[in-house]
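In what follows, a single structure is set out as structure tokens and then discussed.
Per-chain residue numbering starts at 1, and chain names A, B, C and D are given in the order in which the chains are listed.
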């Protein structure tokens, strides 16, 4: 049953003919590349749209960029003593950062602790209970989170810490619960990617389970865990409806955690329907959106940097 | 040694505690939603149309709209995300262009959805004259959904070992055939998780839809399945308020006397619907995986 | 052929290459001036080897010596990650040319990898599916080809009653033989094997070796192996690679009993690597 | 494989046939004229309910009613992207609107009242006191005769019609100091009801037993007082069209202004009808007496 072989000339012809696979390959490349181009077009369109509207505040309405970033008064409809519109976004930028960092600070230990539990201590229960619950929670609309925040968290904060209950603290609590599932499941992924022999080697050396987790697994998974946290922060930064319902939406510099404050998204969402396209008030809101966009770019670059460091490790 | 053992015990105990607290928070949250919504649930509530200012309205139309919109949005966004993910993971060279594209896609996913909604409003509703319609909403949701879905699918492709690709290539298959016939079938379970997660987000999305699919839900004639009729449930050109938008609307401007009850009821319905959707998707996914991976 | 006469170390040569010249087993594949670069760094300097038809040629050498790189270049599996220059002459055609259809070429020059990589499909589909994609659709044809391939790979008797079971459930040795069956179902001319037994236990390894010995009646086999006994047991020719170069190439018996190069001698006697 | 092709072909043919059949048999009467009204979320329930009644009575028409906010409504009608812009304000009161070409159709009158949390112990304020509270000169209820409790201000969002009307007629043109803002009446009411010391303002229709409506200068916030302009904080609800309305738009606006709606829906939704008013107020706040009819 020997393979009968063609002559060299035939063979060359057969080998140099474009096979069906080669045609399919070109087709596949074209199809998948078009899909990518479509997404890129979408991204460029949205970013371009937000940028063009956001920049109009500075070009068309001649607002000073520095005043925008450092001013504390937000009343785009009103001119101040110097005849300039009051479009200082500092209080909102500070509010957004405070709420993001605080909620990430609280969520991180809980999320990583849970991820470790799911992955290292009780993988069975983790997979059976925590994962489905996590997936379920991602689908709950932010309105519902906000609603629960309003009827549970705000009164709680008011009774315990005084004030009206609206403020950074309540916002932090709500965001903490909102980003917990995301950070947890991403942390679990990071832990899962640590090779099993790391653990076996450590345990074989006589280390306890905790020492193995603390000194080996967590150390090896650090870049992945950082990515999870930064990703959670990015979500917190961009969250609108839920925060808006509990933070109070007062564009004032927050002095304590229980004073009403505002974030970029809450002011944006509250105001956008009440302003007229093309007016200064409207453009100023788009500038806030542009700040958000730039901030998510920064978060993204941080994630990438961590990723790269992890690879070199 | 003793110290290490004690430390181990304490730490493991603490981890149990932390995981317990998290489970408690999550379960309490779900419990709160379900318990406060359950008394509202009835066949009437699930099927009746909403009422503008009288009590006794239901969420039948909204519930249908949510699912229809979800399916349409997925039908549009899944193939695009799949194609883009395949290109990014299987074909694209690892250089700065790819990295810029990835970054751009990811920053889109952290934009507040109201921005996507307004963009959709100006572009689809006004410019393309699609009006407030399911189709506009589905496109807006696609915009909102693409980054996340693309990323998820790319991650799923990543979980399939490189030696499967080599196996296909060594048989003289093109990369495209290898991906389609070997890698994707093997990645079905993990792609499915991504789809479920993004479906959940789509299902719960309100801000992107307020300006695109609209916030009114004209009564539907469920006996009329001709997609060209305005009262047909299948008509993609009709305005369609979804369940999440409905919750938002009655919380903000609702003047019906039973607004609070309807809002809690709708939240519970939403959670249950997501739960059912997850279970169904998982079941179908398992069947699909079986079919694709064995004769 | 390529004999370096600079005898400086205890009468040992620096390189010793004897290409096969057996009229019963003509050369089907040869490389000329083959260089492989990963980015800027060169992984393989020179690999000028000829391979005889229906024979087993073993490529041995320490880790990182370039033998796997060489093997993977032969059916251009390295195209995406490396630059390969030089000629790969397959039955008179240089297949290392951009206008050669790599898919058609790989159908003739098949490959089996170090770790068994059955697809997440049934045993039957693992073999049948590439055939289907290449136009074999009649059920009878497929059945016949699947059975023939499984028989040749000595797997038929073990799996004939569970062809619809998932291939992922097979043991390591069975999985690797399934991969061989999968490769030979397309009736390739040449079979490249990259350390096919390194992930297997001794019993599976010896079964695999028996299979290979039978397969060489139909195919030309080139195998990379770490296991010198294995090379000695099954191959007719052996090439010794070190630091990206072929240092010695000759019949297997010569390499193992009378190596001409010091490093080869050290390696085969276990004093090295 | 070939069998599969056959099945695919048949399915495709059937689908196309169904589509053609559906298109052929579509109810042409239902695919007739349609108009879109966009804008104020406060006005949305009224227009929506009126639209439903209208389409019920006039087959072949469709009134698409969406929210989005007064600003959105006015900018869309100014650009001619929709047929009707719903607004809580006179168009020229909104910044960025020239009002050129826009024709005002007043369909309702809405009274707005300050509301406070029930625990504050205050039921009446003077205009001066109210202004002092909202400008921050008074910060404790004790200073205006209530309990010793700090005042918590809650505003509607900047640009909201309710806020503009309240500041103009309730605070005598003074601007409220920066404080909490909410973008919907429902939310405002809920927050005032649950937050000790809270004060805000809502339309009459949102007042219920959970909050305390305040009398101003001993005038109670009642419809009777609005009709006579004794209660000053009220405004018109407007439907704006670009140029004089024609066709369906004209018929629909006439329908909303007809007694059929003015005597039923407008009243049920807690609005007053402009025909009931004894006075008329123009965009500059000039009040003229007219002969209104008793409700």
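We take it that a contact is a pair of C-beta atoms (placed from the backbone, for glycine too) under 8 Å apart; a residue touches a chain by one contact, two chains touch by 3 or more.
Here the structure is a predicted model, which is why all the values come from computation and not from measurement.
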Computed over C-alpha atoms, the centroid farthest from that of chain B is that of chain C
Would you indicate which pair of chains has the most C-beta pairs in contact? A-B
For chain A paired with chain D, centre-to-centre distance based on mean C-alpha positions, whole Å: 35
Express in whole angstrom the distance between the two chain centres, defined as the mean CA positions of chain A and chain C. 48
Provide the C-alpha centroid distance between chain C and chain D, rounded to the nearest whole angstrom. 79
Using mean CA coordinates as chain centres, what's the gap between chain A and chain B in Å? 17
Multi-chain contacts only, two chains or more: what residues does chain C have there? 103-105, 133-134
Multi-chain contacts in chain D: which residues touch at least two other chains? 41, 67-68, 72, 79, 183, 187
What residues in chain B touch two or more of the other chains? 172-174, 177, 251
So, in the complex, the side of chain C touching chain B is made of residues 75, 77, 103-107, 110-113, 115, 117-122, 124-125, 129-130, 133-134, 163-166, 179, 182-183, 186
Listed in rising order, the residues of chain B that touch chain A in the complex are 4-5, 7-8, 11-12, 14-16, 18-19, 21-23, 25-27, 29-30, 32-33, 79-84, 86-88, 90-92, 99, 101, 103-108, 110-116, 118-119, 122-123, 143, 146-147, 150, 172-177, 179-180, 193, 196-197, 199-201, 203-207, 244, 247-248, 251, 263, 267, 270-271, 274-275, 278
Interfacial residue positions of chain C with respect to chain A in the complex: 90-93, 95, 99-105, 133-135, 187, 189, 218
Residue ranges of chain B touching chain D (in the complex, touch as defined): 52-53, 121, 126, 131-132, 210-211, 214-216, 218-219, 224, 226-231, 239, 249-255, 259
Per the touch rule above, chain A residues touching chain D in the complex are 73-78, 150-151, 154-155, 158, 164-166, 244-245, 248-252, 260, 262, 269-282
